[in-house]
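There are two complexes below, and they share chain A, which is joined by chain B in the first and by chain C in the second.
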Partner chain A sequence: MTAKPETAPYRAAFTAHPADALADQRKSAFARFETLGFPTRREEAWRFTNLRPLQQAYLPGTATASKPDIAAYAFDGESYRLVFVNGRFAPDLSHTGALPKGVRLDNTAKLLPGHQDLAQSLLDDTDTAGGQGFAALNAALFADGYVLVLEDGVTLDHPVEIVHWGDAPDQSFHLRNLIKLGTGSRATILETYIGEGRYWTNAVTLVDVAAAASLRHVKLQDEATTAIHFGQVRGTLDRAARYDGFVLTLGSELSRHDSFIRYAGENAECGLFGAYLLRGAQEATNMTVVDHATPHCTTHEVFKGVVDERAHGVFLGKITVREDAQKTNANQLNKNLLLSARATVDTKPELEIFADDVKCSHGATVGDLDEDAMFYLEARGISPDEARRMLIEAFAADAIDRLEGEPALRAHLAAHVQRWLNVARVPS
Partner chain B sequence: MLNIKNLHAKITDGREILKGINLDVKPGEVHAIMGPNGSGKSTLASVLAGRPGYEVTEGSVTFDGKDLLPLAADERAREGIFLAFQYPVEIPGVNNMYFLRAALNAVRRHRGQPDLDAGQFLKAVRAKLKELEINDDLLQRGVNVGFSGGEKKRNEIFQMAMLEPKLGLLDETDSGLDIDALRLVSNGINKLRSPSRAMVLITHYQRLLDYIEPDHIHVLSGGKIVMSGDKTLAAELEKRGYAMLDETAA
Partner chain C sequence: MTSPDDSLDTIHALTGEGYKYGFVTDIESDSLPPGLDESTVRFISAKKQEPEWLLEWRLQAFRHWLTMENPDWAKLKVAPIDYQASSYYSAPKEGPKSLDEVDPELLKTYEKLGIPLGERAALAGIAVDAVFDSVSVATTFKSKLNEMGIIFCSFGEAVREHPELVRKYLGSVVPQGDNFFSALNSAVFSDGSFAYIPPGIRCPMELSTYFRINAAKSGQFERTLLICDKGSYVSYLEGCTAPMRDENQLHAAVVELIALEDAEIKYSTVQNWYPGDAQGKGGIYNFVTKRGACRGDRAKISWTQVETGSAITWKYPSCLLEGDGSVGAFYSVAITNNMQQADTGTKMIHLGKNTTSTIISKGISAGRGQNTYRGLVRMQPKAQNARNFTQCDSLLIGDRCGAHTVPYIEVRNPSARCEHEATTSKISDDQMFYCQQRGLSKEDALSLIVNGFCKEVLKELPMEFAVEAQKLLAVSLEGSVG
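Presenting the complex of A and B:
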């Protein structure tokens, strides 16, 4: 196989990467990346995505002087916090305190050398599914990330808070994360991605939820508006497991969040929720790929988009119900508000059903703010600006409120939606 | 307080609905505007409240001596005009209390009064609920979401009580109400009557006027006020129907 030309600048970076325990896997991952190259618009999963910002090569670099400014994003409550700066663990900014028994939480680079089992879980050759060359690049180049492992029956009392700050100019940060929940265990994770300037964050998170375990996985992406952010979650749910994912997208010039969920047992449940609020020339894609391979599983998806100015939002949802997956219950909903004549949305909810006894639905809407609701609020003395804010906030809250049992996290996300709304609007 | 002179209005890019309305409303007065379907009653309320989609082509409206027509809907509301909607809008995700506090503080700021904090607001809410003899089961829900017809109208009256407007425009407030709800809502409106506040009741039926006694009754037909009188006019209309307008005209 020949290497695609756009991969060439990354070859030198890969050659310079220090050899570690995963050298062989990294080598084959890089070969996959070279073969796949960057996706093109001919590929269905990428046909709405303009990759022009990636024409410039963002190479991984060595440690760079940095001024992390994370205070405004700190979770207002107790948490076990790991902070990463420019792709690497920053112990001085982190505090995990005393972890409960049966919990392992550490950065990937630290755990890798002594734990061959975890290293194997971190890397496999499935990351090229769907032409995901960026996941293969991540496998080849990742320097760090986080690992959370819960033993059977352990409930983590506070959220794990992962903060990544990027500001090394023109660098890429490849983070490799692993979440492994033992039977009946429970955890909540809040990932926050922020930064300043031009950089590329490329994170891959592998999730393994064992029988009757439950994971809430929340991501707040508010990268610099000149940055690129790709995030990929690959999850496997065993019998009666539960995964609730929520992604709030506010930042980046170009961003993508891809969730690949596979059911490996019966009676498992998955909620994939998100809200994206975009302005300027921002472009953001949320893709979900859910594989109902087993019977009696339930998937709920709700994504709400607010798109202003010249921004572009994309939702690609695919649920496959295989022949044996009887009694599947799956629904997909993507609703969008266009706030400007130049804003655009592409939405493609998709169901592929091979079983006959299932309940599935999908829907998508694109519209303006409700004029009747606007007038009702204004007729009570509320200014058009404030009325508009109230309606947008309520629209996004409809997705945020799906995060059951996490009032503090919901409030945290709602506060960042409000912060987004407080930014003065450029009249279109 | 409200002076309407020769008001002509049309639906934007559409036909003329109001064809020369003249009306004077003084503080403390209650006016009822009656008329058959399509006579322009609701259009009049919409034009006065500043609803988009209408265009005034002739005439003037002043409110407390101020030209009302250049003002946007929210400015009119802050000046003291309250429109009780015929069909209150459901707004999912916007909490009733949050909405009402935002509205009240917007109005208060305009009057030069300080904002109410959460505690003060709650106290004011409790006082008004007690005064109107209504319970608070609606307050923590989304604005009008899942409310019955009666609950929606009750919520309108409660909002009016909280915002304390100078002028209440009540657009078909009696429509869709059963007799108990009608009594409750009318009772609320009567409690809000005061020497400094005027009200304009827009209604198709005379039955609302069994509960709220107006000072003046006007009959609107074909976009004009064709008949005005005191409260006895309602009884006559009830007896003879809107057909009497044709007879009178003949």
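Presenting the complex of A and C:
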């Protein structure tokens, strides 16, 4: 198979990559990337994505001088914090303190040399033989990331806070993360992606939630508006496990967050929520692919989009219910506010159902702010700008409020929504 | 209390019922040998004594078709089609000139189908342009319609009598190269129906055609062109049944609707082609391109379809809402049973201001049927205040069938408003219990629930058709419908 031309610049970067415990898998992953190349609009999952910003090659580089400015994004409460700068772990900015017993929290690079078993679970067949070029490239080139492993029955008392800062011009950062929750364990993770200038963040997170374990996985993506951000989560949920994913998308010129969730046991539950607030020429895609392979599982999805100026918001949802997955309960909701004449929204909530005893529904709406609601507020002496603001805030809050039992995190996210709203609007 | 197995047994028993309309009429056909190349296209065109421009048009389509590939994006498993293996022209040998001259065999066929022809047509108030295989054999009510200036004839006749209209509108909604099957149809279409309603005229009766596929190995390539001039109205019915046959037969029709200012077209279809046997052997491939253009302001086009037949259905009746304030509607019931597959839906393209569209789709899957709704709603930048409402519900009967929903919503205008909702469920044990507890038999209960599920669509059908549609639901799913 010949290599696609757009992959050529990455070949040298791969050759220069130091050999490690995963050298063989990385080799096949890179071969896979060369075969697949970049996705095109002919591929269903990418038909709404404009990859023009990636025409320029973003290569992984060596560490460059950096001045991370993460104070504004630090989580208020207590946390175990790992900070990454330009794709590499920055120990002096991190503080994990004393971790409870049965918890391992490390950066991937540190783990790779000594722990063969864990290292092997950083990659799977999707990377070496799957259909996703960027995941394969990540597998071939990743230098760092984080690993969180909880032993059975352990409850993590504070959230794990992962902050990634990028500012190395024209570089790409490939991060590979692993979250492994033992039976009955519980954890909350807050990932924050921020930076300055032009760069490409390409993160892949593998999630394994064992029986009756519960994971809250929150991501705040406020990368520089000239940056590219691809994030992928591939999760497996065992019996009675619970996964709640939330993504707040504010930054990047071009961004995607793709969640692939597979049920491997009965009675598991998954919530995929998100809000995206876009302006300028931003384009953001949220894709969810949920595979109901086992009976008695429940999926909730709520994504709310606010799209202004010339921005482009995309939601691609797919829920598959396999033949034997009876008593599945799944719903999918995507609502969008289209605020400007040049803004666009594409949404595709898809259901694929092969079992009969299921309850599945999906809904999607696109429209402007409700005129009646605006009138109601204005009639009470609230200025149009303030009324608008209130309505947008409430609209986004509908998704944020789905994060049950995490008031501090909800407040943290809501504050960033407010910060987004404080930026003066360019009249269209 | 009914256990799920019991109701399944009932369904199997009911659906095991053979295909009612499976019989073959014995008429000698003047067929072309199997094969497809430029000479086939020339033969068809010559046989139909077509003008030069139409031949050129066909050839252009054919050459374009050669460069195209069979589409594979639908959720369908289609056995490869050998386009060289089928015959592209077959016509009853003698061209009859009036109803009396029509082959009695043929009339008997229609009789079996219950098509009101001649006297019965008059009673039913329907003008039937009955198409048997590829050539129109009987057209009734022509004079009555003529008086009002309404043209309703076979496509071939329209080409001869009204070339200016045909030339102006043919391919203006579905261009030759629009998709693989429309290109094929444009190259080799045999005949079809043509209707033109002059300005301000309200067509006094439901125009109706029945398509039949009869001669073995002859794919049928119908071409329908329907033009509603300013302020006119027409309701058009199309219904199909086909005889039992073991070989897959391809049907690739193209329907083009044009509604000018203030005109309204109501297009209703009941499709009941042979779906193949319970093992999925045989059955019709129904790959149809249907599209209507609301060219003028306040024009209105509505598609209503009841799809119960065919082994594979690939069909997306669409509306181009070009005029300001134009209205598009799509009402659909699609049933897949045994090994049937359906990938159907609509496209609503909002171009003009204040355009509105409604989509109501009801999918019913039973046996091992696979039923997909695939729809697109696109609001273009100039579609100020456009509105869309979409509802697609799926009903699953049995645990080996599938129901899928693939809606695309693309909005380029902030004042436009789109709503989409969909549900998937099965007939609950509670519903069955409730009905049976009140003395209804299992099959009556099932038919009651299914009919209720489809009601929103069935009520859109003209009365004469609604009766037949319910009959078809009965054949497809139930023993008897009350």
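What we mean here is this: the second predicted complex is superposed on the first by the 424 of 428 C-alpha atoms of A that agree within 3 Å, B and C clash if a C-alpha of one lies under 4 Å from a C-alpha of the other, contacts with A are read in each partner's own complex, and residues count from 1 in each chain.
One rule holds in what follows: a contact is a pair of C-beta atoms (placed from the backbone, for glycine too) under 8 Å apart; a residue touches a chain by one contact, two chains touch by 3 or more.
Not measured: the values here are computed from a predicted model.
Peer 1: After superposing on the shared chain, does chain C or chain B touch more chain A residues?
Peer 2: C
Peer 1: Per the contact definition in the header, classify A:371: touching chain B only (first), chain C only (second), both, or neither.
Peer 2: In the superposed model, A:371 contacts chain B only, not chain C.
Peer 1: Thinking of the overlay built on chain A, is A:362 touched by chain B (first), by chain C (second), by both, or by neither?
Peer 2: So A:362 only meets chain C here.
Peer 1: Return first, second, both or neither, reflecting whether A:349 touches chain B, chain C, both chains, or no partner chain.
Peer 2: The answer is second: A:349 touches chain C but not chain B.
Peer 1: Touching A:336, do we find chain B (first), chain C (second), both, or neither?
Peer 2: second
Peer 1: Classify the contacts of A:326 with the two partner chains as first (chain B alone), second (chain C alone), both, or neither.
Peer 2: It touches chain C, and chain B stays clear.
Peer 1: Report the residues of chain C in contact with chain A in the complex, numbered from low to high.
Peer 2: 4, 73, 75, 379, 381, 394, 396-426
Peer 1: Okay, in this complex, where on chain B does chain A touch?
Peer 2: Answer in residue numbers: 49-52, 72-74, 77-78, 82-83, 85, 88-89, 91-94, 98-100, 102-103, 106-107, 110, 142-143, 159, 163.
Peer 1: Inside the complex, what are the residues of chain A that reach chain C?
Peer 2: Touch residues, chain A against chain C: 44, 323, 326, 336, 338-368.
Peer 1: Which of the residues in chain A end up touching chain B in this complex?
Peer 2: For chain A paired with chain B, touching residues are 370-373, 375-384, 386-387, 390-391, 393-395, 397-398, 401.
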